[in-house]
Structures are given as C-alpha cells and as structure tokens.
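Down below are the structures I want you to see.
Two complexes come next, and they have one chain in common, chain A, joined by chain B in the first and chain C in the second.
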Partner chain A sequence: MELFELLNFYVIPGIVLGSIYALGAVGITLIFAILRYAHLAHGDLATFGAFVALACVTGMGIPPLAALPIAILVTAAIAVGIDKVFYEHLRDRPKIVTVMASLGIALMLRSVVQVVWGVDTQTYSRGIVRPEDYFGLRIRDRELYTVAALIFLVGGLQLFLTRSKWGKAMRAMSDNPNLALLSGIDNRKVVMLTWVIAGGLCAASGFFLGYNTEIKSMMGWHMLLPMFAAAILGGVGRVEGAVLGGLIVGIAEELSVLVIPSEYKAAMAFAILLFMLLVRPTGLLKGKVL
Partner chain B sequence: MTALLSMEDLTGGYGDADILMDVSLHVDADEIVAIVGPNGAGKSTAMKSVFGLLSIRSGKMLFDGDDITRWAPNRIVQRGICYVPQVDNIFREMSIHENLEMGGFLRKGDLSAAYDRVYTLFPDLKERRRTPAGSLSGGQRQMVAMGRALMLDPKLLLLDEPTAGLSPKYMEQIFQICRDVRDTGVAILLVEQHAKQALAFADRGYVLAAGRNRHEGSGADLLADREVAEMFLGG
Partner chain C sequence: MEFLGLVNYALFTAIFIAIYALLALGLNIQWGFAGLFNAGIAGFFAVGAYTSAILTTPVDDGRLGGFDLPFVFGWIGAMLAAALVAWPIGKICLRFRSDYLAIASIGVAEIIRLVIKSEEVLTNGARGINAIPRPAGDIGYTESQIAYLVIVLAVLIAAYVLVERQFNAPWGRMMRAIRDNEDAAKAIGKDVEFRRLEAFIFGSALMGLGGALFAHFNRSITPEAIDPMVATFLVWIMLILGGSGNNRGAILGAAVVWIIWSVSEIATDRLPHEYAIQAKYIRLFLIGLMLQLVLRFRPEGLLPEPLRGDLRGSRRTTKSGTDPD
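Coming up: the complex of A and B.
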C-alpha cells in the first residue's frame, strides 16, 4: 500500500475522529479534575448537542456551522441545569453515587432525544461531498473545520485556564480544593464554569461526529468509551493530554482496520485503555488528580 | 489597648466531642504569640477554632471589635485573618506568582502593591516566580504558603506548625521572616512543635495541655519556668 493511500483512507479520518474524541475527552478530564468523578452521561450529552444543532438546521434553515454556536450554548446551559437539579445534592456523598446518577442521566438524555427526534438516522445536509485534493492529500472541508474547531476551542480553553482569573481559580480548585476555599474562591461558581465548558465542548464533539458521519440517538453512547480511553491515556486532569489521547485513540481505531476486521474497530479504545491502565496508569502526561 | 484577637473561655471540638475546654488567649496587634504543648494538647484545634473550622459550644471569639465566634471561614478571611495550614498549603501545579494571585483572589483592583510587599519579604520567590510551587524545597514552599496568605493584607496571620519538617537553618529563616512580617504590622499566632525555639522567638506564649490553658507569659518567662521546662520542653 502506498503512502498516500494510508494517509487518505486511514490517518486523515483517524485525525478527524480523534479530534471529535478529544473535544469530549477534554470535558471528561475537566470534570474529573474539579469534581472528582467520572461523568458517564458525557456521550449522551454530546448526542443531545448534535440534535440541538439539527433542530436549528431544519427549523431555522441555517447552515450546520452556524447552528454549532447555538448548540454549544444550549448544551452548556443544559449541563449546568443537570448539575443543579441532579448532581449538586450528591456532592457530599461518596463519588460513586454521582457516577451512578450520571448513568441515569445518560439514559434520560437519550430517551429525551429519542422521544423528540425519533430513532432514525439523520444528517445535517444531503448529498455526497467530494474531497478536495491538496498535493495528493484528499481532505473534505468539513474535516478541516473539525480539526480547526478543536484547535480553536481547546486553544481558547488553555488561554482561559492560564491567563484569566477564573481560569486560574479552576486550576486552583483542581489542585488543592481546601486551600482554594481558604483563599475565598467560590466553589459553586467554579463548578458552574466547569459545566459550561464541558457542556459546550460536548456539544461540539457531538456536532462534528454528526457533521462527518450521521446523527443517531446512540452515537454519543458509542463514543463514551473512546472518550474515557483518551482522557486516561493522556493523563486525567490534563487538557493537552486529553487532546493527545483523543488523537491517538482516533488514529488507532482507523488503523486497526488494516489488521483486524472493522467490526472490532470499537474494541481498539478498550484495548488501549486496558494497556494504559496496566503499564502507566497516570497516563502519558502524568495525570494530576489520580 | 484592647487585644486584636481575644478568645474567651472557648469550649468546642469536632462534632460532639469537645477538644478545647475553657481556653482563653489573646493576641495584640504587632505581636507574635506561640501556642505550644505536648501532642494532642489541642494546639492546632485552638488555632482552627479562630478560623471558624470548629463547632463551638460556649465561649466567645472577638476580633478587632467584632464577635466572630460563629462566622464562616470565608467571612473571616475577608475580615482580615488568614490561615496557613500545616500541610497541603500551596497549589503545587501552579507557579509561585499564581499561588500569590490566588491568595489575593478576593481583592478587587490592582494587586501590584500586594505582590511587591510579598516579594520584598521573600526575595527568593521573586527570582523564581514562574516556577511551579510543587518543585520547591520545604522551606520555600512554606514561604509561598505565607506569601499567599499575606496577599489579602490580613491583620492576623495564623500559622500551623510553620517549621514542621524543616532543617534548623530554614527554621531560623522562617522565624526571621515572621519577625519581618510582624514589623509590617501583621500580628501572628502560631502553633509549634519545636517549643523551645518557638518560645525563644515569640513575644508571648501559651502552654496548652489536654485542651486547657496551663501556662502563659512572655516567651522568656515560660522558658525559665521550671515546671514548663520539665513537663513540656524535655528538661
């Protein structure tokens, strides 16, 4: 097999899929860093975001990319609402209680999506998009937008976390919660901010999965394992680690088709997760909170 | 002159069990006061009670004209008391400068005067302001922890065993910094394991035992007291 075939059919789709995983994994890692639990509703929150964008596209007749900001805002608000209504009461209980509650939220979100939008496969736009040719690399515009969105959103998040007062407060809360409280940092505001960011990124993740493939009510649930594998692979609590982990899992899934039947593609994330937990449980970039 | 902080017959503890029994102490402005005593005497508990981390059953805590007995910690911080815990007292992943910034989180407006003050007290920190605090030595971490607490410009600084685990050289340095901090107009109440050294450097001291006041006086007097020496200072 020649190099360009490898790049065009395996590596480029892998990077795109990896970018989608990365957007979700960053949220998972942030929630773990600040709230210290695994959020199992993350995949279905992404599904929800994808369907909000679909509603905008079909209802208002706007192009998919214009629907993305709306989906981000709506999903962020829903994430904050879910936290206020369900998770906040469980904050002083053992974390496993919240983990189980988030599984319930996952089922609930999926049911809402299925009731409102049905269970059929849908798309943002009809017709086949032919890829453009860049010196032999065949790339679709939407693939470029996906990677650009990852760079833009995560770059913005990094700037926020390292430059702004509230971004630093989030890092402080993740670093040493007691000392953050002693310094007068408002825990509730930091938690809310975490959900706004995680919810928004989740919506972007779901949107781009739908934009590059199809929109299905189970799409997010199927992304949950790869997203967790990405977060753990990169080192839990590390934003840049989640991005790296997402890209590795995405590319590995696409490349795995070369050696194993494509039905087993999804098992790649599981294999990476297992291997990582056995060999280096703190992740590639040494996680901060495990 | 009325005391900056006065604790009057305080009884309380965590939950139902009382650890402090009728403890009274006071700290004047511009004064370093040390609480010493054997393990389990309630030294750290007495300090935490100032910061509202204890359930108080009876007694009163007055600070600078306010009755702060049942105030929440964040309100006490804003009123001018900052607390440096014994362990986990820095943000490890954040730079020295960011640690200070988080210390000044509640302050509105320009923090540059507060940074200048801390960096004047701790010149070592200024050089390494971009270094993650977790990579520093124990003594430097303690400086970051104190610097963080000073960013809010407190009237009273609470230090829980600031020299625990430090070499004698750093211990002397921390004590010297405490004097410098006091000379900028901040009173200090500290708990110490190293009773002799602490009493030698503090203006006044309290000896607690089994949750009660046992002795009080100037550092020098306590050191000279035979009973204190035999019971608590190892002869």
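Coming up: the complex of A and C.
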C-alpha cells in the first residue's frame, strides 16, 4: 500500500477520531482525578451536547461552528446541574455509588435525547464535502477545525490549570484532597469548575463527532469505552496524557481495520484498556491508579 | 377465555420475574456481598443463553452444533461459559477499585454483542438460534407454562438456598469483611483479589444460567431479544430497590420492578400510535430516575441487609456501604 493511501484513508481519519475521543477523555480524566469516580454518563452527555448544537442549527439557522459555543455553555450548565441534583448528596457515600448513579444518568440523558429529538440519524448540514488536496494529503475543512478545536481548547485548559489560581486549586485537589482542603481550597467551587470544564469539553466532543459523521442518539454511549481507554492509556489525571491516549486510540481503531474484520473496530479500545490495566495501570504518562 | 388469558399472562409474568430474580441474585453476590460493580450483566446473560442454545438444539448445518444434549447439560454449560468469560476480566480488573471493573464490564458486554452479531458460525448472526427445546414443552400451552414455571422456581429456590447458605457461612462473613474494610481483611491475611474473583465468577455463572432459562423459555434467542442497557439496568434497580446484601430483597425487588415495568408497558400501549415510541423512552427515563430516588432516599432498599453475628438484634448505626472508600 502506498504511503499516501495509508495516510489519507487511515491515519488522518484516525487523528480526527482521536481528537474527538481526546476532547471527551480530558473530561473523564479530570473527573476521575479530582472527584475520584468513573463518570459513566460522559458519552451520553456528549450526545446531548451534539443535539443541543443541532437544535441551534435547525432552530436559529446558524452555521454549525457558531452553534458550538452555545452547545458548550448549555452542556456545561447541564453538567453542573446534574452534579448538584444527583451526585452532590452522594459525596460522603462510597464513590462507587456515584458511579452507579452516573449509569442511571446516562440512561436518563439518552432517553431525553430520544424523546425530544427522536431516534433517527441526523446531520448538521446536508451534502457531501469534498476534501481539499494539501500536497497529496486529502483533508476536509471540518477535519482541520476538529484538530484546531482540540489544540485550542486543551491548550487553553492547560494554561488555566498551570497559571490561574483556580486551576492550581484543581490540581491540588487532584494531587492530595485532604491537604488541599486543609489549605483552604473551596471544595464546592473546584467541583463546579470541574463540571463546567468536563461538560463543555464533552459537548465539543459530541459536536465534532456529529460534525464529521452523523448525529445519533447512541453515538455517545459507543464513545464511552474509547474515551475511558484513552484516559487510562494516557494516565488518569494527566490532561496531556488524555490527548495522547485519545489520538492513539483513534488511530489504532482506524488502523485495526487493516488486520481485523471491521466489525471489531470497537473492540480495539477495549483491548487497549485491558492491556494497559495489565501491563501499566498508571498509563503512559504516569497518572494515578485509584 | 378471558380467565385463561389472565392465567397465561400471570404465568408469563411469574416466569420472567423468576428469571430476573436469578439475575438479581447473581448481582447480589457481586455487588451486595463483595462490592463489585458489574455493568455488563446483559453480556453474561447472552453468553449463557447462546451457550445453552448451541448445546441443546438439534444439529444445524449453518453453524456450530447443535449438539442435541439434554437441557440440564445446556444449563450447566451456560454457567461454565459465563464463568469462563468472567474469569479473565476479573483477573485483570479486580486488583483495582471497582470503577475499573465497571468500565471493563461495559466493554465485555459490548464485545459479546459484536461477536453475537457478526460470528454467524457460532450464533447464526441476526437470525438467531431457533427451535431451542423447552423442558416439558410438548404438552398444551398453559400446562407447559405451568411446568416451566415450576422448573424455573425450583432452580431459583435452589440458587437462593445455596447462596443464602454461603452468605451465612464463614465465606459470606469474610466477603462482607472484605467489602466493608478491605485493608483490615488484608491485614488478617485474606486474599482479597482471589475472594473477589470468586464472587465475580459465581455471580456471573448465575447470570449465565438466567440467560439459559430465558432462551429455553422463549424457544429462540436473537441478538435483538434483549436490549443490553435496559436489561442490565433493570437488574441493577431490582437489586438496589429490593435491598442489596439481602437475597430475599433481591427476589422481592425483581418482582416489584418487573411488575412496575410491565404495567407501565401496558399503560403506554394504550397511547395513540404517535406517542408510543416516545412513551417507551419516557419509561426508560423514569426507571433511571427511580434509581436516583432510591439511592437518595432509601439506599438500603425495601429489605435492608440483615444484621448478622454479634450485631444481631442491635440496630447498626452505619448503613451498609456508608463508610468512605
């Protein structure tokens, strides 16, 4: 096979898919590290974000990319709301109870989407977009936007986490919650911030999945496993690890078609997850193991 | 005629409740007594259903088997197969906190679904496996339903007695010790990982058996026979509502939740056609909400975990599972 064929048909779609996974995995890794539980409703929250963007596109007639900020804000607000109503009172129970609650939230979010928007496959814009040719690499505009959004959003998040007071507070909570609380960090604000960031990134992830493919009510649930695989592969609590993990999982899924039947593409993420847990549970960038 | 219809409906419901009760018992071993979060119940259920179907159906050229064995072998095979699937997963994930098991079990259920859909040689693909023999299936309809109910109940009671015995035995005490204070259990020399693996495998085997009972009841099994997320979730809510850690609670929860679930189906079936699809999802939303309410207002369930040993008779101040991780 030619190099360009490999790049155009497998690596570039892999990077795009990986960027989408990475956006979700960053939120998962933050929640896992700061709030200390696996959030199983993450995929369905992404679906919700994608459908909010769809509602803006069809309702207000704005272009999809203009709907993205609205979807991010709405989903972030919903995420904070879900935490306040359903997760907050479970905080002093074992964390696994919150994991269970989040499974229920996943079901609830999905059924809201299915009731409001139906179960049919939808798209943001009709028609086929032909890829542009960049020195033999065929890339669609939307694929560029996806990768650019990942760089922009995660770059901003990294700046926030390393430079700002609240970002440092979040990292402190992740490193040592007791010490962070002792030094006077407001737990509730950190939790809320975590949900704003995770919810917003989640919406971006769902949006770009819908933007590059189609919007379906089950799409987020199917993204859950790759996103968790990405977070664990990169190392729980490491934002740059989640991005790296997302890209690796995305590219691995696309390349897997060359060796295994395409029906089992989704099994790739699971294989990576089990392999990492077996060999190096701290992930590539030495995250934490809960 | 009307009366006979009611009887048949009641029999049908009772059989389903018994099958779900078996699943809830299996989950109770995993969650109620060992604190393991299995979010892939439907996967183990499907493994059991297909294994038993392959073992007991007459020979079919299109796929592996059938082996035309008596149904008892099919059911034992179903339990073995489900246990065999659970083993590697438990081996890898039980070293960590239960969150990892939750994610991995979602993955397992997903992979099992893919295998069932695409491996025609094994499962006959989307057409599924038909003509699964039902024990006492060749007598009249109502009689055969009664006979099957008796068989399912016998299996359920046997499972209940065995599980209940285990829970009151030293093994059960040890499992609760591991669940409630892992470090202390480790300190007195219990092999925590191995014990958890035991609980995970036993529970999964019961789920496999539940799947087998379902397949023989339906006389067929197809990939669409059961919605993985709905089935998994129903079993969870049955156990939590009934009372995790209490075997009678698990069975009661199965009955209560299944009755609510099927009554709500009857109610939504009466809606005009254009609302029918939406009503289905509203039911799912409500069942999700029900879990949140139970977790918030009655986390111990309808029948709380019984007090045992020295604590018997004195009210425990901490509810099961209220200690921080």
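Quick note on the criterion: the second predicted complex is superposed on the first by the 287 of 290 C-alpha atoms of A that agree within 3 Å, B and C clash if a C-alpha of one lies under 4 Å from a C-alpha of the other, contacts with A are read in each partner's own complex, and residues count from 1 in each chain.
Just so it is clear, contacts are C-beta pairs under 8 Å (C-beta built on N, C-alpha and C of every residue); 3 or more make two chains touch, one makes a residue touch a chain.
This one's a predicted model, so the numbers in the text were calculated from it and none came from an experiment.
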| item | value |
| --- | --- |
| Partner chain in contact with A:172 - chain B first, chain C second, else both or neither | first |
| First, second, both or neither for A:121, with chain B first and chain C second | neither |
| Chain B versus chain C as contact partner of A:99, first or second or both or neither | second |
| Contacts of A:266 with chain B and chain C, given as first, second, both or neither | second |
| Partner chain in contact with A:184 - chain B first, chain C second, else both or neither | first |
| Contacts of A:164 with chain B and chain C, given as first, second, both or neither | neither |
| Touch count on chain A, higher of chain B and chain C | C |
| Touched partner set for A:58, first chain B, second chain C, both or neither | neither |
| Shared chain A surface residues [contacts with chain B and with chain C] | none |
| Chain A partner contacts - residues on chain B that touch it in the complex | 73-74, 77-78, 83, 85, 88-94, 98, 101-103, 105-106, 148, 152 |
| Residue ranges of chain C in contact with chain A within the complex | 35, 37, 39, 89, 92-93, 95-100, 102-104, 106-108, 110-111, 114, 117-118, 229, 233, 236, 240, 277-278, 281-282, 284-285, 287-289, 291-292, 295-296, 299, 321-325 |
| Interfacial residue positions of chain A with respect to chain B in the complex | 165, 168-169, 171-172, 174-176, 178-185, 288 |
| Of all residues in chain A, those that touch chain C in their complex | 32, 36-38, 40, 86, 89-90, 92-97, 99-101, 103-108, 110-112, 114-115, 118-119, 221-222, 224-225, 228, 232, 261, 263-264, 266-267, 269-270, 273-274, 277-278, 281, 289-290 |
